[in-house]
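Two complexes are shown next, each including chain A; its partner changes from chain B in the first to chain C in the second.
Up next is the complex of A and B:
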C-alpha cells in the first residue's frame, strides 16, 4: 500500500457552520469507505480532497503534491458527486463526451472512452436518450460513468449507490472492487454501513466535521459491541415476556412503553439475546407483532461513539 | 500493490495541454443556443440592419443608377464614419443584441448552478478563467456576428464597390474604430449577461433581468430627463452610455452634452462589479444541512 492522499489539520467552515474540523488523515491505495450521517462533513471532505473548495486551515496533498489549483492532478482524479449534475436536455452520450473534451483527449479517443464507460455501466443502449428520461438508477450509473471515463487513478465517489436497485448496487460494488484489484485508489462515501462493508474493511467515520474513528471495520464494530444495544418488542403480553429473560445476565435494563403493548430491552450481548428469543416466544406462547432495533443504524453507532 | 504494479492500462497517447481549454464549453454553449426555439429567426433578424446598410453602401456608390428611386437630398446615404457609427449604435441593433443575450446568455451560468454542474467542471483540469472564457465566448461568438463581422464586411464592401482605396486613405482609423467598438460592446454585454446569469438558478428570471435592466435603465433616464431636463441622467441608461462611447470611438459628435469618459467609466464599473460577483458566485459549493 502506498500513501495517496494526505491531509493535515484540514478545516473548513461556512460562516458559523463548521464543515470539517482539524482532519489529519492518510489514505492509502485501495478502497476506503467514508461513513457518516447526513451533514457529517463527508461531501465537504471529498470536495476538499478533490481541490474544488479551499480549506480555511490545513493542507491536502495527493501523491505528495498539493491539490489546490494543481490542474495536472485533476486528470488522474475521477469524481462522482452526490447530487445530480446533468443538463437534462443532453443525451447520455453528449454528457460523457462533453466532459471528456475537458480532458483534452482527441476526438477518436473521446468516442472510444465514452463507448467503454457507457458499456461498463450498461447504458450503451440508452446513450442517445435525453437524460431527463433516465430513471434514478440510470442517472447514478451515468454519474459513475463520467467519473471513470478518463481512466483515473483515484476515483472519488460521493454516495454512489443512492437510488440504485439491488442488482445495480451489486454491479457497481463489483466494479469498484475490480478497480481496487487494478491498483487504483477508491474513496467511497455513504451513510449506509452495509454498503461500505460490502466494499471494504477500511473505513473512516466522520461526524460533526470530525474524524471519530479510522481503521478496520472490525475494530469499529468491536468498539460498538462494548456498548449496550436496544431492542424493541411489540407483543401481546410484554410483562410476561419480560419475566422470562429478566434473570439473564446480558439483559441490563427493561422499559415498558406507556401504550402497554411493547417493551424496550437493553442488552450488552445482542447475538445471545436474539438466539434465545424464538424459544422464549414459543414457550410462553406470546404473539409477537414487531421486533425492531431502534439503534441499529449508523446514527446509533455515532451516538455510542460520542457518548450520547 | 503500488501504482507501478497497477493492472489497468493507462492511455499511452499524448495528452496535450490544449491551447484553448475553454473551447468545449463554448462549442456546447453555441450548440445549445441554436437548439432553442425561435433563436435562429431572432438571430437572422438581427442581421437585417447589416443587409440594409450594405445595400446603402451599394446605392451610395451607384447613385446615378438609383436616382429614379431617390427623391430629395442624398446626403443620408453617404458612406462615412457617421454611417458606420449609426450602424453600430442604432437602437434596433442594440435591442437585438440584448435579445440575443436573452437567448444565449441567460442560461450560461444559471443552468450550471441549477444542475450543479460546477463540481463536474472544477473536478477536471479546467481553470476558473477557462470556464469564464468558455462561457463568455458563446456571447462573443454571437455578438461578433452582428457587430465585428458586418462592420468589417461593410468596410471592405465599401472599398470594393468604390473600386479604390480612397475611403481607406481618408479614414484610416475607421477600421480600428470598428474593431474597438465591437470589442467594447461585446465585452460589456458578455460581463453583463454572465453577471446576471450567475445571480439565479432560474434561466427565465435571468432572461427577465437581462431584458428588464436594459429597458428599465433607459426608461429611468427618460423619466428623470423628462422631469429635470438634465442630460447627465443619460448615465443611468445602458443604451445611452454605449451610444455615447460609440460616438467618441467613431469620432462623431456625442449625443449628450457630457464627456464620453463618464459613460465609459459607468460601463467599466459595471464590468468590474460583474467580475467580482462572478468570482464569488462561481466556485465549488457545499450545502451544509
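Up next is the complex of A and C:
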C-alpha cells in the first residue's frame, strides 16, 4: 500500500465551535470510509485535506506535498462536495465540459471525457437540460460526474450517495469499488454505516471532531453489536408478550408505556431477539401494530461508545 | 492475478506522476480558460439580461428627447451636445458605476454565496487566474452592454449628421473613457467583493457618496476619486445645463490620468488576487 494522505495534529475551529481536534492519520491507496453522525467533523476533515479551508493547527500532505494553494495537485484529485450547489443556468453537458476546460484538455478530449462521465452516471440523455430542472438524484450524480471526469488518482467524496435512489446507490458503490481495483485512492464520507460497509472494510470513525476509532469495519460492527438496543413494540397484549421473553439472558430491561399498548425492551443481542420475535407473536396470537428501534442510528451508537 | 493488479497500480502511478510532471499550463492559459468559462456563463445569466435592460435606459431617454424635439417645435439643440451631457449624467455618474458594482463584487461573492467556489478551487488553476479570468469576462460583458447602448444613443441623437465624421472621433473618445471607467471601477469592486460580506452596500456608499462628493473638493483632494481622472479625459463642451458637473474640476493631464487609471486597476486587481488566495471562505449551510 502507498501512503497518499497524511495529516498531523490537524485542528480546526470556527469561532468557539470545534470542527476538528488533533487529527493525525495516514491514508493509503484503496477505499477509506469516513463515518460519523451529522456534525461530527467529516466535511471539515474533507475540506481540510482538499485545501478548501486552513487548519488552525497542524499539517496536511497529499503525496508528500502541502495541499493549500498547491493547485497543481488538483490535476490528480477529484472532489465531490456535500453542498447541493451548481451553476443552475448551465446544462449538465455545459457544466462538465466547462469544468474540464479548467483542466486544460483539448476540445476533443473534453468532449470525450464529458461523454464518458455522463454515460457512467447515466445522465447522457439529460445532458442538454438545464441543471435547475434536474431532480435531487440527478444533481447528486452530476456532482459525482464532475469529480471523476478528469480521471483523478485521488477521489474525495463527501456524502456522495445522499438523495440517490437505491439503484443509483448500488451503481455508484460498484463504480467506487472498480476504482479501487485500478489502484486509485478513494475517500468517502457518510453517516450511514451500511453505505460505507458496502464499499470498504477500512473505516475511520469521527465523533465530535475527533478520530474515535479507525481500522477494520468488523471491529466497529462488534462494538455496535454489543451496544444495548432499545426496541419499541406496539401490540394488542404487551404484558403477555413480555412474559414470553423476560427469562431470556439477552433481554436486559422491559418498560411498559402508560397507554398500555406498547413496551420498550432493552437487549444486548438484537439479532437473537429479532429471530425469536416472530414465533412469539404466532404462538401467543398477539396482533403487532408497530415495531421500531428508536436508537438504531449512528448517533446512538456513538453516544454509547463514548459512554454518554 | 496479484501480478496483474500490481501492474495496474504501477501503470496508474506512472500515469499520474506524468500528469503532474507535464507541468502546468501557463498562467495566461489558465486565465483564458477561466475567462471563457465565465464569459459563456455570464451571457446566459439572468443578471446579465436584467442589466442589459438597465443599460438600455439611456437609449429610451434619447428616443423620448428626439421625439419631443421633432414634434414639439422647440428650438433645435445639437445632438452632440445632448450626447455629451448624457455621458456625464447618466453614464459616468450612474450606469458604469452600477454595472461595475454589481458585476465586480459578484466575481467573488456569487461563488461564495452560491457555494460554487469549490468547483473552481479544486481545479489545477491558480486562485489569481480565477479572479483575473472572471474579472476579464465580466468586464467584457459590461463593456459590451455599455457600448451597444452608447452607440445607439449616439446614432439616435445624431441621426441628421451621420455623415459628419468628426462626430465619430468624439464618440470614440467617449467610448474609450467609459471603457477605462468600467475597467477601473470593476477592479475596485472586485477587490471589495473578495473581503467584504456586504460589498454591495459598501459599493453603493462609495459610488454615490465618496465618488460624487470628493470630485468637487478643491485642490489635490479630488484626485482621490476615480471619476476625477475620467473627467480629466473628457472633451466636455463648456457651459450648458450640466456644466456644474465640472465644477471645480482641476484636470490632471490626459497622460497622467490614463496612467493613474491603469495603476489603480493594477493595484486593486493585485490586492483582489492576494486576498482571494489567502482568505478562507466558509461556505455556510
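As a working rule, the second predicted complex is superposed on the first by the 308 of 308 C-alpha atoms of A that agree within 3 Å, B and C clash if a C-alpha of one lies under 4 Å from a C-alpha of the other, contacts with A are read in each partner's own complex, and residues count from 1 in each chain.
What we mean here is this: a residue touches a chain if its C-beta (ideal position, glycine included) is under 8 Å from a C-beta of that chain, and two chains touch if they have at least 3 such contacts.
Predicted model, so just to flag it, every value in this text is computed and none were measured.
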{"item": "Side-by-side fit of chain B and chain C on chain A, or clash", "value": "clash"}
{"item": "Touched partner set for A:106, first chain B, second chain C, both or neither", "value": "first"}
{"item": "Chain B versus chain C as contact partner of A:153, first or second or both or neither", "value": "both"}
{"item": "Of chain C and chain B, partner touching more chain A residues", "value": "B"}
{"item": "Which superposed partner A:134 touches (first chain B, second chain C, both, neither)", "value": "neither"}
{"item": "Which of chain B and chain C A:212 touches, first, second, both or neither", "value": "neither"}
{"item": "Touched partner set for A:2, first chain B, second chain C, both or neither", "value": "both"}
{"item": "First (chain B), second (chain C), both or neither touched by A:39", "value": "first"}
{"item": "First (chain B), second (chain C), both or neither touched by A:273", "value": "neither"}
{"item": "Touching partner for A:93 - first (chain B), second (chain C), both, neither", "value": "neither"}
{"item": "Residues of chain A that lie at the interface with chain B and also at the interface with chain C", "value": "2, 14, 29, 50-53, 69, 71-72, 74-75, 77, 79, 81, 83, 85-87, 89, 98-99, 101-104, 146, 153, 181-184"}
{"item": "Chain A contact footprint on chain B (complex, rising order)", "value": "1-3, 5-8, 10-11, 13, 15-18, 21, 23-25, 28, 32, 35, 111, 115-117, 119-127, 283-286, 288-289"}
{"item": "Residues of chain A defined as touching chain B within the complex", "value": "1-2, 12, 14, 17, 19, 29-30, 38-39, 43-44, 47, 50-53, 69, 71-72, 74-75, 77, 79, 81, 83-89, 98-99, 101-106, 109, 113, 146, 151, 153, 179, 181-184"}
{"item": "List of chain A residues in touch with chain C within their complex", "value": "2, 14, 29, 50-54, 69, 71-79, 81, 83, 85-87, 89-90, 94, 98-99, 101-104, 146, 153, 181-184"}
{"item": "Complex contacts: residues of chain C adjacent to chain A", "value": "5, 8-9, 12-13, 16, 19-20, 24-25, 29-30, 33-34, 36-37, 40-41, 44-46, 114-116, 118-127, 277, 280, 282-283, 285"}
